[in-house]
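The chains carry the letters A, B, C and D, assigned in the order they are written, with residues numbered from 1 in each.
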Amino acid sequence: MKRRHVMDFERPLVELEDKLAELRSLDLAQNPELASEVESLAAQIDVLREETYASLSPWERVQVSRHPDRPKTQDYVAAICTDVIELHGDRTFGDDEAILAALATIDGHRVAVLGHRKGKNTSENIARNFGMVHPEGFRKAMRVMRLAEKFGLPLVTFIDTPGAYPGIEAEERGQAWAIAESLSLLSGLRVPVVAVGIGEGGSGGALAIGFGDRLIMLENAYYSVISPEACASILHKDAGKAAEVASCLSMTATDLVGLGIADEVLPEPAGGAHRAPEEVFGAVRARVATALRELGSVGSDELQERRYARLRAIGVIGSDEG
Amino acid sequence: MKRRHVMDFERPLVELEDKLAELRSLDLAQNPELASEVESLAAQIDVLREETYASLSPWERVQVSRHPDRPKTQDYVAAICTDVIELHGDRTFGDDEAILAALATIDGHRVAVLGHRKGKNTSENIARNFGMVHPEGFRKAMRVMRLAEKFGLPLVTFIDTPGAYPGIEAEERGQAWAIAESLSLLSGLRVPVVAVGIGEGGSGGALAIGFGDRLIMLENAYYSVISPEACASILHKDAGKAAEVASCLSMTATDLVGLGIADEVLPEPAGGAHRAPEEVFGAVRARVATALRELGSVGSDELQERRYARLRAIGVIGSDEG
Amino acid sequence: MSISDWFKAREARRYTSAKGAPARGADLPDGVWVTCDSCKRIVYDGQLAENFRVCPSCGHHFDLTAHQRVELLADPGSFTEFDAGVTSTDPLGFVAAKPYVTSLASARERSGLPEAVVCGRATIGGHPVVLGAMDFRFIGASMGSAVGEKVTRTFEVALAERRAVVLSTASGGARMQEGMLSLMQMAKTSAAARRLAEERLPYLSVLTNPTMGGVTASFAVLADVILAEPGALVGFAGPRVIEQTIKQHLPKGFQTSEFLLEHGMVDEVVPRGQLPARVTLLLDYLVRGGEVA
Amino acid sequence: MSISDWFKAREARRYTSAKGAPARGADLPDGVWVTCDSCKRIVYDGQLAENFRVCPSCGHHFDLTAHQRVELLADPGSFTEFDAGVTSTDPLGFVAAKPYVTSLASARERSGLPEAVVCGRATIGGHPVVLGAMDFRFIGASMGSAVGEKVTRTFEVALAERRAVVLSTASGGARMQEGMLSLMQMAKTSAAARRLAEERLPYLSVLTNPTMGGVTASFAVLADVILAEPGALVGFAGPRVIEQTIKQHLPKGFQTSEFLLEHGMVDEVVPRGQLPARVTLLLDYLVRGGEVA
């Protein structure tokens, strides 16, 4: 059996759940009292879970966003898209599996889909570099953005990466150039762009495909200028202070709405998206479809103006101007 | 002293020239008769050279086009351009030295320049891969084509390559894709394009930057669908029959004008361009400047239509149509 | 079109589609056995025909003729050829080893085709397209003036009639017997493909075994989405030329469709049986765009 | 502007340009000696100043302040700063190790600048431009809301007034103390750069030591022509992060300008003394385009 991934903060909860499972596996027919106790325990657990997940700290949310069982881009595509055709390659160097690119249909809307793609096991994660994209991945994404624009297909992106890969070859092949060009292209794309933060939103590698006319954030997805660990090791010289730093970085879904960067927080079931993925898929499908419907009625010049204005407004500055 | 490169067909001529040089190095003050003989020999040599070069076979012209002393793209740029700024890199993989890309001024015309770049010695030739371009070279060229188009700079290209490099890495990085995209881009470029065949015009690697609104061919430059050697080894299973095949391939400057592909043949001095490069530079500068002036007055829509019509007309077909 | 529909359609057309000569090994009466080039097993030809000429043992894709390609891709009865009369001449009077005119004559006789590409109007999954298919039996489906002209017209007809283009490619490269006239067809076809692209009309290419040289390096890879059949050899320089240049053997699988997929050059490797459905679905996306279904 | 003109102009402005604090080592009276970071030789500061702050022994390019950059590039007397009042606040109330407000205050004090970038109208070789220069002394010239806003306005002013943009970059990356507000400046500045490009107005960037992270991965490399100073460190991920990830030492010269040139990422590595002439000549080409001289 696959070893379960238990996050620190949910350990008490998981211990109770295990106990409950054990009790439920017993034959309680002869013991109706115990049976009612079991149900009472179950109810207590539900309350505890609700409470735990209602008040997660930013750092705890980061843990949830990285949970290995958390639904990934490919799960969303499988669940909410039909008629999927995956597209491959950047036409210049390779096919980066850390980016999923496809033509797909969501609730009757024909779209192009882009997403960071993590693996579900070690071998997949090696092939997909744990969702950390190389320049050719961003270039594949750009190719598909241009294709989408050419044929009037709206773009739906799923954000889930620890960050763009920091490696020698990535630098050699122009990681910064690829990200910058993707930002530029995405900012000016003449089709609607709906971005969904489903897990990790690690810095420039996330942003390269991670903004548009709508940004929908799952409750436990994060989006950050830098990973809390890296931030802590720079500012505190101590990666162990990640939890503390996470609270400063304004990186949760709710923070992003507050900053005017994201449009809405999509609630997750208590326990995180992986506890009830179908529920989350349904909600994402509905929200994306709504966004596509709303944006579908906007002309492409107007769409461009609005997207620019949206970006333009982000930032908080002081001013000594007269 | 650098060893001279003597082509087979010019051997008798070179032997006479050597003799003449030897005679001229003698002190002939006491021997006026010999002095007049020397001058007579010089005149004979001139006649022989004229005759030899007036009737070169296609294969002999190929030899001239490959002569190591023949002026190369960088020589033309140095001689006929001012204010040269070389531009580097494809922004995705590397900087292929087999392509020279620059902003430059020719006779007052601000232009972008592209050319295949061979080396002048072994180490240069290794760095420049003997003028055989990899995909990143064509992608550098495309980047500069787009830059030229964006800022309304006409494009001047110099064709001099044995062909695109046939190697594992070139195939891995999409040699065919790079050439095809370059053909497409060049065909639709909204600025004037003047191409000059200065040496070897080897197949797709030449064509990728080797056509436009004008094609000026130096008298001994060739342009061919395949190298005579490769053609001979395919059709005759004998690369030694290259001379014979060269006569079939319609690859000389004159042939190209006859086929409606090139606009004009630019005569070379007897002995080839390397015998009097300044003369050739002057002629190329003048012809390119004239072409730029003529094309400068054409609107960009009209330019596009004419370039398409020009390409469209190339080919000879039979027709059983009613 | 589902695979079983295809079967039915194929059956219906078996005795009516007389135009295209059958592929190598297929010009034998039903009931004859052929040897698979790849696994060397003996395959019943009838079974091969039922299986889109894909070896039932190893999945090797046998060559198809241009008309078999059309039959595979076009909706039944929808294909109308045009420009069948555009043919090669011998503009250079080319003779090396043997006269070009002789090569042309024997190609015509062997293939039953006037030229190496067949082009026409058709529908695929109901979408109006211009469909072109190249036939390797015709001087290696090399591109001379006539092939370049027909491919160019394919793009031009599509542009004029606002159709999509679907091209099934196979080629040894430029047709050297037409010298520079052949090389220039690369620029001409690429220019035509660009005009189609500027009008945002879709172009899909299907790279089949082998697609090399000047055809790969021009219109074949300028498609919006590039599909390739499994195991097809696709590239610019031929393997032998590369081996001679680098003086070493090429890695296994070099220049195959699968190699190209890994190196980012094609969108998908599609087994032949799935091609009609794949092309149809792609056209659904690219023809209709963001229009809500 | 010739080098000797630059000397003269520099002399003329030496005692009038009070706004920008001098670079590290330069805030000493004339006649003081400084040690070269690279060759460790002792250099006379006056000589360094005459030499564009390039070490006369080894060619090492000393850091320049934003105002020294402006002085280097702009035609004498042509620069008029705008938006000097756009400054960083502390929107997140960020405290880690020390409060962001403290970092800001000390950066302001040390650099004498309100923010990490200085922007203004100027002419370069007579061409009207908007010129921006980043100053590494100000929290590593990291990009927060204010830097993002000023860079965005740089592009917008240029667009409105049909000027070219010249940006001299230096940065440690995004300013983490402003969290996601900083990250989004990458998209915002890139969007503004794109608008300039769509109007075909030229944009040149000069990458100086160091330019990393979110600044490299946004507006810095979206220029039409990218120049870099010799030996500048330029990249996305910092060398230490990469070493930690790959668990091995980086090759010598990794992420230097010269490395980037070889890998096709920059157009030219230009020694500082040649920068004004180079930028002028590039503007001649890109501003005037194909107009005959």
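The rule is short, and it goes like this: a contact is a pair of C-beta atoms (placed from the backbone, for glycine too) under 8 Å apart; a residue touches a chain by one contact, two chains touch by 3 or more.
These numbers come from a predicted model, not from an experiment.
Peer 1: Between A-C and B-C, flag the pair that has more C-beta pairs in contact.
Peer 2: Comparing A-C with B-C, the pair joined by more C-beta contacts is B-C.
Peer 1: Express in whole angstrom the distance between the two chain centres, defined as the mean CA positions of subunit B and subunit D.
Peer 2: 42
Peer 1: How big is the gap, in whole Å, between where the Cα atoms of subunit C centre and where those of subunit D centre?
Peer 2: Spacing between the chain centres: roughly 53 Å.
Peer 1: For subunit B versus subunit C, what separation do you get between their C-alpha means, in angstrom?
Peer 2: The answer is 34 Å.
Peer 1: Taking each residue of subunit C in turn, which ones touch at least two of the other chains?
Peer 2: Residues 197, 263-265 of subunit C each touch two or more of the other chains.
Peer 1: Where in subunit B do residues touch at least two different other chains?
Peer 2: 91-93, 173-174, 177, 181
Peer 1: I'd like to see which chains touch which, written out pair by pair.
Peer 2: Final set of chain pairs in contact is A-B, A-C, A-D, B-C, B-D.
Peer 1: Which stretch or stretches of subunit C touch subunit A in the complex?
Peer 2: 197, 200, 202, 224-225, 261-268, 278, 281-282, 284-286, 288-293
Peer 1: Okay, in this complex, where on subunit B does subunit A touch?
Peer 2: 91-93, 135, 139, 173-174, 177-178, 181
Peer 1: Which residues of subunit B touch subunit C in their complex?
Peer 2: The contact residues of subunit B facing subunit C are 164-168, 170-177, 179-181, 183-188, 203-204, 207, 211, 223-226, 230-232, 234-236, 241, 244-245, 248-251, 255-256, 259, 261, 307-308, 311-312, 314-322.
Peer 1: Write out the stretch or stretches of subunit C touching subunit B in their complex.
Peer 2: Going by the criterion above, the answer is residues 83-89, 91-92, 94-97, 114, 144-146, 148-149, 152, 174-176, 178-188, 190-195, 197-198, 213-214, 216-222, 234-238, 241-242, 245-246, 250-251, 254-255, 263-265.
Peer 1: Give every residue of subunit B touching subunit D within the complex, in rising order.
Peer 2: Against subunit D, the touching part of subunit B is residues 83, 85-96, 103, 105, 108-111, 136, 140, 147, 150-154, 191-192, 296.
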